[in-house]
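Note that chain A is present in both complexes that follow, paired respectively with chain B and with chain C.
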Partner chain A sequence: MRAFAAILWKDLLVEWRGRDRLAAMGVFALLVVTVLFFAAPPGPLPSQREHLPGLLWVAVVFASVLGLNRSFALELENDALSALALAPVDRGWVFLGKAMASLVVLLVVQALTSLVFALFFDVDLASVAGRYALVAFLGALGLSSIGTLFAAMAVRTSYREVMLPLLLLPLLLPVVLGAVRATAGLLDGEGLLFEPLQLLLVSDGVYLIISFLGFEYVLDE
Partner chain B sequence: MSDATLPSQTSLAGTSSLLQRTTGALCLLLAAVWAIAVVQAPVDRVQGIVQKILYVHPPCAFAAYLGFAMTAFYGALYLWKGDERHDQRARAAAGVGVLFATLLLLTGPLWAKGTWGKWWSWDLRLTLTLLLYLVYVSYLLLRSFTEGSERAARFAAVYGIAGLMVIPLNYFAIDLAGGRSIHPENLERGSLGAGMSLPFWLGVAVAIVAYVHLWLRRTEVEHLRGLLAAREATMAHRDDPGGASWDS
Partner chain C sequence: MSDGAGEPAIRARALEKRFGPVTALHPLDLDVAPGATLAVLGPNGAGKSTLLRMLAGLARPTSGELRVAGDGDGRAARRRRVGLIGHATFLVPALTARENLRFAARLHGLADAEARAEHWLAELDLEGAADRRSGTFSRGMAQRLSIARALITEPALLLLDEPFTGLDPDAAERLASRLADADRRSGATTLLVTHDLARAAQLADQALVLARGRSHGLDEACLADATVLTGAYHDAVSALQGPRG
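For the complex of A and B:
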C-alpha cells in the first residue's frame, strides 16, 4: 500500500515538474480532433453531431496511448524499471501506482479536451457536467488500467511505440464503445443510459483484475 | 560444462511421432471421404453452388476457436507451472489458430458476396471474429518483437489470457453498438437440409483433425527451436565463458 502511494506520488511529481507528458497528450488530442473533424463528411454542425462522442473518445484513446508509452519509457532511464521489479513489494501495488498516475494525467487531458470540444462544437457539456465526469472517469480508468499492463510489456519489446496500440486497441473496444454510447446518451438528452454504464463498470472491473494479477508476470529484472 | 548437459544429436533429428503420423493419415483419409461427400451433397435450391462453402467455412471456425482457447489454456499453465513446453504448445496453438481464422475470414466474404451481395457486414459475429483475429495476430507480433524467449513467453501468456477474457465484453459491446446480425445463428439440430449434414460434420472432423495434426507438428518445431537456442547458447558460452550468456 505504501509502495502504491510512493509510486503515485513520484510519477505525479515528475509530471508536475516537467509537464511534458501533459503538454504532448493535450496537443495531440486537439490535433486528432481537428484532423478527424475535417475527415468527416462536410455539412452543417448539427448533422455531424452524432459523430461527436466518437470523435472525442478517439482523440482521448490516441492521446492515452501516447501518455502510457511515456509512462514506462521514463522508467527505462537509469534502468529504474528493474529497480521497480526488484522492490520487495507486491507488484500489484506497483501496477496500481503507475496506473493511477496515468489516470490522473489522462483526466487532466480529458478535461482540457472536453472544454475545447464544448467550445468548438457548441456542445452543451455544462448541463450534464457531473454525469459526463462520471463517464469520463470510468472510461479513463479502463484505459489506464489495461493500458498500464500492456505499456509495461510494450516498453520491453523492440518496437516500443508500435507495439502498445497493436496490443491495446483490439481489447479496448468494450470501454470505448461503452464510453461513446454513454456520452452520446448524455448529449442527446437521454440522460445516463444504463447499458453503456453497465458495460463500462464491468469492463473496468475485468481490466483491473487482469492487470493487477498480470502485472506480476510482466515486470522483470 | 560437460557434454552430458547438451541435448543429444538424436533428439534434434526428425522425430515424427506415432501420434503425428496417425493424425496425418486420418486427416488425409477423412479429407478424401469429405471431398466425395461434398461433391455428392445436393446443390442448394436458393443459393446455388456457393452454398457449398458451408462445408469449409464453419469447420474453420471450430478449429480457429479451439486454437485460441488452447493458446490461453497453455499460456495459463505456463504461468502456473513455468514449464517451457506449455509455452511451446501455446505458441503453436496461436499460429495454427491464426491460420484457420485466416481461412475463416477468406471463405466468409466469398459466401457473403454470393448470398448477401456484399463482401463484409459489420455484424456481431463477423466483427467479433475479426477482433479476435487481430488479438492473436498481435499475440504473434508481440512474441516476435520481444527479446528473450522466457520474457516473450510470459508476455504472450498474459496477453493470450487477456484476449480470451475480453471476448464476452466485446460481445456485449458490439451488441450494444447495434451490430445488426445477419449471420445465421449456430446450426441447430435439423437445420441442415437433407444430405447436407454428413459432409458438414465430416468437414468439422477434417478441420479438427487437421488442426491437431498441425498443432502437434508446430509444437515439435517450437520444441526443436528451443533446443537449438539452448545449444547455441551453450556453444557461445564455451567460446566465451566470460560474457555472452549473461544477458541472453
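For the complex of A and C:
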C-alpha cells in the first residue's frame, strides 16, 4: 500500500507542477468536440441527436489515449521506469498507483469536456449530473486500468504513439459500449439502465484484475 | 570466485539470458563473497548490464539459477536488498532532491522516509539543494543524489552500472571516494560495471571479464594496479572473442 500511495502522490504532484498532461488532454478533447460540432452539427430531430453520447465518448477516449501515452513517456526520462520496476513490492501496486493517478487526471478532463460538449451540443447533463458522474467514473476507470497496462507495454517499443491506440482501442470496446449506452439512457430520460451499467462494472473488474496481475511481467525486460 | 567463507552474497549457476535468437549472456557460474567488490569489465555489448539487471530483478534469466544475498523467496524480496546506481539517475526531474529521496524510501515501504531523506541529504552534501528540483541539477549533483537514492534503503547488494559516465575527472574521483566510503561503512557487497580499468583496480577486490556474453574470472593478483589489470583484461577479451575473421 505504501508503494501505491507513493506513486499516486508522485504522479499527481508532478502533474500539478507541470500540468502538461492535463493541458494536452484537455486541449485535445476540446478540439475533438469542436471538430465534431462542425462535422455533425446538432439538430432538433431525435435522429440528429441519438449519436451525441457516442461523440462525447469519442472525445474522452482519444484524450485518454494521449494522456496514457504521456504518463509512461515521463518515466523514460532518467530511466525512472526502472526505479518503479525496482520497488520491492508486488508490481500490481505500481500499476494501481499509476492507474489511479491517470484516473484522477482523466476525470478532470472528462468534467471539462462534458461541460463544453453540453454547451456546444445543447445537451442537458445538469439534470442527470449525479448519475452521469457515476457512468463517467466507471468509464474512466475502465480506460485507466487497461490503458495503464498497455501504455506500460507500449512505452518501450519504437512506435509507442502508434502502438498504444492499436493495442488499446479494440479492448476498450466493452467499456465504450457500456458508457455510451448508459449515457444515452440518461439523456433519453430512461434513467440509469442496468445492462450497460453491468457491462461497465464487469469490464472494469476484469480489466483491473488482469492489469494488477499482469503488471509483474510487463515491467520485466 | 568466492573466498569460500559462508554463503556467497551472489550465487549464479548456469545463468543465461537470451533475447530471441541473440544470447546476451552465455551460461555463467559466479560466486561473490559477502562484502566483496566485484568489477565486471568488458567491451560494449558484452552482457555486463544484462547481468546487472538480472541481479537487480529487472530482467528474468532465460535459464539457470540465481540467488542474491541468500534469497529464494521471490524477486520482490530480492529487490528489497538491492540498490542500483547507473548512468541513468532514476530521478524524477519535477521533484526536489528531498522529495526524490522520500519517494524512493516510500516506494520501498520504509516508514521513516523523512528522517532517512534528511540523513542522506546531509551525508552527500546536498542539504543546500534539498528543495531544488532535481531536473535543474548538474550531472555531478544528480549523480550524488542518485547515490543517496540507492543507499537510502540500506541495500545489502549495491549494483553500480558505469556510474562515472559523463563525470569530469574530479567529480569521478569524488564519487569513487564516496562510494568506497559508503561501501566500507555499510559492508554491502558491490558489483561495479565499468570501462574504467584504473577505477576498477582502485575499488574492486575481484574481477570478471565479459565479452560477447562469455565470461572469464581474473585472479586477485590482476587487481594489483591498473597496468597489470589492463594487460590481463586485454588477454581475457582476446581469448573470449576468439580470432577475428
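What we mean here is this: the second predicted complex is superposed on the first by the 213 of 221 C-alpha atoms of A that agree within 3 Å, B and C clash if a C-alpha of one lies under 4 Å from a C-alpha of the other, contacts with A are read in each partner's own complex, and residues count from 1 in each chain.
The rule is short, and it goes like this: contacts are C-beta pairs under 8 Å (C-beta built on N, C-alpha and C of every residue); 3 or more make two chains touch, one makes a residue touch a chain.
Remember, it's a predicted structure, so these values are computed and weren't measured experimentally.
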So in the superposed three-chain picture, is A:Asp220 touching just chain B, just chain C, both, or none of them (first/second/both/neither)? both
Return first, second, both or neither, reflecting whether A:Leu173 touches chain B, chain C, both chains, or no partner chain. first
Have a look at where A:Tyr159 lands relative to chain B and chain C in the superposition and call it first, second, both or neither. first
Could you look at A:Gly18 and tell me whether it touches chain B, chain C, both or neither (first, second, both, neither)? second
Shared chain A contacts, counted only where both chain B and chain C touch the same residue: 220
Report the residues of chain A in contact with chain C in the complex, numbered from low to high. 2-3, 5-7, 9-10, 13-14, 17-18, 77-80, 82-91, 219-221
Going by the contact rule at the top, pick out the chain A residues touching chain B in the complex. 146, 149-150, 153, 156-159, 163, 166-167, 170-171, 173-174, 177-178, 181, 195-196, 199, 202-203, 206, 210, 214, 217-218, 220
Residue numbers of chain C touching chain A in their complex, please. 53, 56-60, 76-80, 82, 84, 86, 88-95, 99, 103-104, 106-110, 149
Partner chain A, residues of chain B touching it in the complex: 79, 131, 134-135, 138, 141-142, 145-147, 151, 154-155, 157-159, 161-163, 165-166, 169-170, 172-174, 176-177
